[in-house]
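Some structures to go through are shown next.
Common to both upcoming complexes is chain A, partnered first by chain B, then by chain C.
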Partner chain A sequence: MIWEELNESLIMNHLDAKDSSDVFEKIGGTLIREGYAKDDYVDALIEREKDFPTGLDIGGIGIAIPHTSVDHVLKHGIAIANLKHPVQFIQMGMDDEPVDAQLVFMMAVTDPGKHVDQLQRLVDIIQDRDVLSRLLEADNQNEIISIIKDKEETL
Partner chain B sequence: MKKKVIVACGGAVATSTIAANHIVDLCKKNGIDVDICQIRISEIQSNLDNCKLIVTTSKVRRDYGVPLITGMPFISGIGVDKTEKAILDVLKD
Partner chain C sequence: MSTSEKASREVTVTNETGLHARPASQFVQKAAHHKADIHVIKDNRHINAKSIMGILSGGIAQGSKITIEAEGPDAQEAVDELVDLIENGFDDE
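Here is the complex of A and B:
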């Protein structure tokens, strides 16, 4: 379950970011400081996003799920932020269509096999628009963890 | 005879694996025997032999002469029914 692996220090509420690079700096920077990722993680995120964008439009709610290859990661984890202002990302699989992301799930992946499993679990959560709406409104870390826990218990 | 379906993405294999798993389940439910060929977009051209359908989770502008469907609904959850129907329509006959 994802909720069991969530760490309060990797959850940011109403994060103030001006663009996607700023999102990568702030959330990715937290993953580096907390020992989850190497110093080059943020640059790797920015590079990968150019080639393989990670924005998704879930029935009108924009989200992004940025990640890198395992080379830039030290330990497996996931950082979550709801944003103070929406930030433009390009949609995954679309390469030119933008989406205004309001929620970011940043994955630090150490094992590509485990990545698929983790992504599948994340996909099960993000496909629920009601869950996304609640995550957007969440004011603290515990609220985010409990929304995800509640959802995962129904799966 | 097994029907060959190429499932491709540009970057990591993760999104295409999720799409591929979904297609395997869908075909099993509908009694269609499929052979999933999971590769990168750049490898599609050299794997086209006997291919009935291509599903991608990245944008592809090229025409390979084989029906091509986006697998993104299996990630976003939006438009899954329509995509399932489109896949079945291609593979049923």
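Here is the complex of A and C:
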């Protein structure tokens, strides 16, 4: 289960970020500081996002799921932030269709094959608009963890 | 001037779970073995075939019509192999 592995130090409520690079620096920087990613992780995120954008529009709620290749990752983890102000991302699979992201799920993935069930579960969670709207309102780390726990128990 | 090879083919996903978890993982691993840039096109969305998150988020279910498109030295081989994987089902099903 994802919720069991969530680490409070990787959850940020009402994060104040001015643009997507700022999001990468703040959340990615936390993953580096907490020992989940290598020093070049943030640069790698920014580069990858240019080639393969990760914004998604889920029934009108904008989210982003930035990630990199395993080369920049030390330990498997997921950082979650709800943003104080929406930040523009480009939608996954589109050339330049923007989406205002309000939630960010940043993944440090060490072995996609091994974590595939967990990644699938994350996709199931983020495709539920009601869960997203509750996550948007969450004011602290525990609230985010319990919303995800509740959802996972229904999967 | 690039003389890079291009290939594409449409295929309908027939396995019961679509490109969910394990099939998605097998698909991405096969795609990753090729040098070509490979995309899965579904509803005008170009998904990177080498990204597990891209494929999982693509909502590719049983009955979905997708196009596999590749560009690079082994483009044709990549398209043939991935179409074959989808048409002939996945190992663990």
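The working rule: the second predicted complex is superposed on the first by the 154 of 155 C-alpha atoms of A that agree within 3 Å, B and C clash if a C-alpha of one lies under 4 Å from a C-alpha of the other, contacts with A are read in each partner's own complex, and residues count from 1 in each chain.
To be clear about the criterion, a contact is a pair of C-beta atoms (placed from the backbone, for glycine too) under 8 Å apart; a residue touches a chain by one contact, two chains touch by 3 or more.
Computed from a prediction, not measured in an experiment: that's the story for all the values here.
In this overlay on chain A, chain B clashes with chain C. In the superposition on chain A, A:59 makes contact with chain B only, not with chain C. When the two complexes are overlaid on their common chain A, residue A:20 makes contact with neither chain B nor chain C. Contacts of A:94 after superposition on the shared chain: both chain B and chain C are touched. Once chain A of one complex is fitted onto chain A of the other, the partner contacts of A:102 are absent, as it touches neither chain B nor chain C. Of the two partner chains, chain B and chain C are each touched by A:116.
When the shared chain is aligned, no partner comes close enough to touch A:82: not chain B, not chain C. Across the two superposed structures, the residue set of chain A contacted by chain B and also by chain C is 52, 56, 67, 92-94, 112, 116, 119-120, 123, 126-127. Considering their complex, residues 52, 54, 56, 65, 67, 92-94, 107, 109, 112-113, 116-117, 119-120, 123, 126-127 of chain A touch chain C.
If you check the complex, the residues on chain B that touch chain A are 10-15, 17-18, 21, 56-59, 70-72, 74-78.
Chain A meets chain B in the complex at residues 48, 51-52, 56-59, 67, 69, 92-96, 112, 115-116, 119-120, 123, 126-128.
Residues of chain C touching chain A in their complex: 20-22, 24-25, 28-29, 45-48, 51-54, 56-59.
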